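Structures given as structure tokens follow.
In what follows, chain A forms one complex with chain B and a second complex with chain C.
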Partner chain A sequence: MKSESGDVRAEGWICAKCGVALELLPADATYMGSSFQVDLPRCPVCGLTFIPPDLAEGKMLEVEKLLEDK
Partner chain B sequence: MEQALLHDLESRCTQEEAPACRSMCPLHVDGRDFARFMGEGRFDEARAVLERFMPLAGLCAFLCQGECMPHCRRAETDTGVNLPMLERACALHSRPGKAMPLPASGKSATLAGSGLSSLCLAFELGKKGCKVKIVHTGEAGQALAARASDLLPRGALSGAMERLLALRVSFERVDDFSPDLCATLLRENKILYLGLDDPALDFRLSAFGLEHPGDPLTLETAIPGIFAGGAGISFIKAAAAGRRAAGSITRFMQGVSPSSARAGEEVYPTKLFTDLSRVLPVPPVEAADPKTPTLAEAAAEAARCIQCSCLACVEKCAWMARYGAYPKRYAREIYNTLAMKVGHRRANAQINSCTLCGLCAAVCPNGADMGRFCAEARKEMVSSRHMPASAHEFALEDMVYSNSPEVAFYRHQPGHERCRYALFPGCRLPASLPEQTGKLYAFLARNLEGGVGFFFRCCSMPAKWSGRPLLTASCAAGLRETWEEAGRPELILACPACALFFSAELAEIPIKSLWETLAALPLPDTARALDGVLALHDPCTARDRPDLAEAARSLALRLGQKTEDLPLSRGFTRCCGYGGLSLFANPEVGAEISRSRLGDTDKDLLCWCVMCRESLRSAGMRALHFLDLLFPGEKDPAVRPAPGISTRQENALAFRRAMLQNFWNEEDEVAGMEPAIFSMDGEVAEKLEARRILRSDVEKVLLHSKEKGAQFRNPQSGRILSCLRPKQVTFWVEYSENADGSFTVHNAYCHRMRVPGTPGEGLPTAVILEGFDPQGGRV
Partner chain C sequence: MKTRSLANAPEARLPIPERQSLCPVCLKTLPAELVRREDSVFLLRTCPEHGEFSGLLWKGEPGFDAWARPRNTPPRLPAATAADKGCPRDCGPCPEHRQTACTVLFEITRRCNLNCPVCFASSGGEQADGLKVEDLGQRLHRIRALAGEVVLQFSGGEPTLHPGLPEMIRLARSLFPAVQLNTNGVLLGRDADLARILADSGLSWVFLQFDGTTDDIHMKLRGRPLLDVKLEAVRRCREAGLPVVLVPTLAAGVNDKDLGNLLRLGLSLAPTVRGLHLQPMTLSGRNLPGRENPDSYLTLPETLQAVCAQSDGLVRPEHAFAPCCEHERCSFHFRYRKTPSGKLIPLRGPEGECCSPHSGLDACCSPAGEGGRAEGGSLADPAGADGARRAVEAVRRAWEAGEAAGGGDAFDAFIAKARSEIFSITCMAFQDCRNVELERLRGCCVFVYVHPDRLVPFCAYNMTSLDGTPLHRHV
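On to the complex of A and B.
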């Protein structure tokens, strides 16, 4: 699940708890009983996943709709 | 879904029925397609239509005498479209098609006589690879040429003969059909056709051992394998007889009864409904030389074809028009989607976008009701766990909020132990017009004998519209319980959707419409009419309640308010887009449906359903509610914006608080109504509305972030990004904290997919009470 321009970016954001920069790491995304792995910006220490608005309203919404109509 | 439901709908929708020209043509030539291509100057395509339906089209096209013309629907306005002229022009000026015979089948048949029925039969059998021999006297086709000398141009008959030769049809010339020859033919051929339209076979039936010609439909005679027909009928009927004989002979060769599966071969009146109200008379086009009409003359005549079609519902409903077809096709697509085990369920969005308003059934001559069909489809989607959670979750959560003890309440009229009536304003009216609803209650309490209680909650129609019968029943039970505790008052309903819900789900509760009630009371002192004429918009939920539409009109009359009916009103009214939760499940289609009203009038709309008022106002129309006339507030109520999703909920809470205080002198024990802890600009507020994020959702994220710590920080901008998944949606809020401890929200968005690390309880929602559980199992 990538944004149109390629990798999902988290320009300038750091994990507030751990204070470290985010890294593109595999994450399990789940919806409607389906689960799949995607590279998303995550905190390398605590694993918190970052979702930017263009991803939430773009590709992510598209995949949600696809899974809903499956 | 029960197949019977599909078949019932399919049988009611006539759009796929043949036009009258086709059903009444002995050859069933599709005159509608043919005339369309001719009118559009697509002559080769027009020719292809003839080739498809007519055996030996280059011959038959000249022999048609327009048996369809008296049945042409244009004939009800002036005269039927002159298809024979069109066929003649087409055959004269276009290239004939090529018949591609199938490989030789090893079967053979002998045809006695070379009339049109024999030639057409030879053509049909030859195409199928059957070896055909025509036994004839004189020149082949001689009798036809003589009978049709004034119709056939030079070369038409020889062209047909060439086509037959190309299909390997052989010709055997005899001097006479003598009794000996007849006996020989009978003896030597297992399959024999007697073309009685050839005079050479006159009075020869007995020589073949027959007393009667063949059956008019199958052309079978008393002797198996012997077929006969074509006598004493028009050319086109003879051509049809030849084709039917081909059908019988093929069946006979396969060992199937020639009479099996012959439905629709004879002429029949069509069931296709066509609205003729807008058909204007157009004089028929005469060809300068009737024997050689030009393509231009034919195209002009073809343009008189009204292209018979029903589409009565498609013309009036934006939902119908949007998906490019008509009920019969939609029903099949929906049925197929419901029956799918795996794969893309393509009709889901369509099923959930229908307003269930019943306009299609009202305008359909046979009452085909896609609304009812979609409502059933939704129930099945829910029960088979295929209903997307996103379709109705927001609307159902909103309903649950309206029915929660924090919002819903019942009180007797102050000073009464029992009440004969209770005002049930519904959930939307108080949230949209809180002050007027309060005044309405005071007015009714003052003017009705026996006490008027106040009953605030949602009727639970959203549960029903979303296809959840269990949730519907449990919500209805909750309502019934409060009503019983209240001493079973008769409910006065302000909202026609509530009335529809009560009659279907709570029939034991006596109800009365507010509009009937007001008819029996004096007008409030405050009532005023507006200048000018207002267009009355009737709600679709009262489609079957002409009495209520009348009550609204008589109220307007008493008010001195000038009104006019919209082109689609009363039983034929349009839905505002709110019906069936269309605006929630598919905002784009819902808004398109709302906008349908835009073209109907340039007047301000006067509504008696508040949902209509809000939806039509949101679609950009000037609209007001009757309460704006009975208890006027602002100067120009037609422009008052419809409250957004958050304002509505906040208004409901404020309304409850104000009502309890003003009428019952109670301080509301329910918490809430705290001052807002954050600010945002108009653009962000619009985003919240479009993404259906409540201000209370944003607050939850902010409070959680403040208490448990933020998730992300941007050191350059100093902003914070936090998320929370209180239920089945993850909300993200980008904000900054101000020096005074308040927050400024810069953006908010949401998604339904789960990713690791998101805090929140992920609680089940109203959707999960019945239907698909996004976790993959039932709760």
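On to the complex of A and C.
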């Protein structure tokens, strides 16, 4: 799911519901009142977005920690 | 201070056993009771020798009970002294202490280039301290061994007067996750190179004493017109990439009406200025004339309401959090994202959040999971040490400089931007002989290092009786 350069990749993932290969497509992320677009593996048919573990435990966790209190 | 009569007050005595305080005259440990009167809570105790005393502890909203925050038994620092003379005379800490450390102050000099009418450290004078950098370096290693991975604060006196400060910051940065400088900013403002030298040494952020936005305020609290030099210090820190937290000592009738101006000034100087840290004046060390006038001192909720009332609606009481590291009656904090248009967005909403006093939740202090703390945990206990680490990480996120976005994806860019947009408003209500609660001292996580091997809770270390006699500083 992650290339050697650290980029998120969609190759090798199939949408279980639609049976089609995921593609890197723009997804909206909203945090702290700000939205931004990031390319994530998504199903081109139903729009299901897959969050790779590396992203969930890496940058997304870092964003969550920014919001976290002591 | 000497007690008002409470005979006619509608009283409700709170059923908390073993509450203790001190006689403000002789600092003898005494049993104490909380007494409610209207929207206030007083700490009542009677000294066999000096009579009855009642100190104002809490006034207004949020209410005393609403602010309460149940917590688990935190890990403890290893005891350095025996419980012999009784709390708070054995501090080192003694086996009765109920907290670990998240912050340690290291006073590297007693010299000061100001001689403020107000100073809990009673600092001043130009006499040399005679402490060499090598000796101070050994003490830094000792602090690391005693306290673990804490935020290390260089303090004093005025620490920038010590010529070895850059070298000590470099060493401290190799031992601790963050290094803070507590300074009056005079040398930072006057010396064209100092901010850069300190930044290059690895200083994490500057706690800049900054009492108000007019020289009249500085004259009253510091005896000199200091506004220009303080603003110059901020400017030099900005050039050096050094984050600054503005730290006003708040005195009712002096600068408590200037909080809104301070907030607006701080926001205008963000992101160099990462926030305000409010410190209501205490009756410790040197103090203003009229020191026994109880109306001179602001309680935690009064300070909270004052900053909200003067913020033009930017800061709202429901955005406030009680702490989960120190005792709930010791501090509050707000954390915001400052938008480019100047709006403040609370990082956590009032509903269902981890540390919100309004949520009824206490997730980061829950007994289960990663925030859990074992009874009698120690620094050697990874699960127990986790709570202290979380507190250290939280202040680093709030006060450290955000790293510039260099490449990466939209997440990287967002993280860099969000870090630079965080603005915090925090308040630490230090205790003094008017209203000290030993329960809070025993739960303290902010320590002062005392050579060779003691860590003393900050408010115990700075405690003085009504006539200025210290509890610990002379020991």
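Things to note:
Criterion: the second predicted complex is superposed on the first by the 58 of 70 C-alpha atoms of A that agree within 3 Å, B and C clash if a C-alpha of one lies under 4 Å from a C-alpha of the other, contacts with A are read in each partner's own complex, and residues count from 1 in each chain.
Convention: a contact is a pair of C-beta atoms (placed from the backbone, for glycine too) under 8 Å apart; a residue touches a chain by one contact, two chains touch by 3 or more.
Computed from a prediction, not measured in an experiment: that's the story for all the values here.
Of the two partner chains, chain B is the only one that A:Ile51 touches; chain C does not reach it. Comparing chain C and chain B on the residues of chain A they touch gives the larger count to B.
Looking at the shared chain after the overlay, A:Ile14 reaches chain B, while chain C stays out of its contact range. By the touch criterion defined above, A:Asp28 lies against chain B but remains apart from chain C after alignment on the C-alpha atoms of chain A.
Residue contacts after overlaying the shared chain place A:Gln37 against chain C, while chain B stays out of touching range. By the touch criterion defined above, A:Val63 reaches both chain B and chain C. Shared interface residues of chain A (contacting chain B in one complex, chain C in the other): 29, 31-33, 60, 63, 65-66, 68-70. Within the complex formed with chain A, the residues of chain B that make contact are 342-346, 348-349, 388-390, 691, 709-717, 720-721, 723, 730, 732, 747, 749-758, 772, 774-777.
Looking at the complex, you find that chain C touches chain A at residues 321, 323-325, 333, 335, 337, 339, 345, 347-348, 353-355, 364, 390-391, 393-395, 397, 409-415, 417-419, 422.
Those residues of chain A that touch chain B in the complex are listed here as 10, 12-17, 22, 27-33, 40, 42-43, 46-51, 53, 56-57, 60-61, 63-66, 68-70.
The touching residues of chain A, counted against chain C in their complex, run 7-8, 29, 31-34, 36-39, 55, 59-60, 62-63, 65-70.
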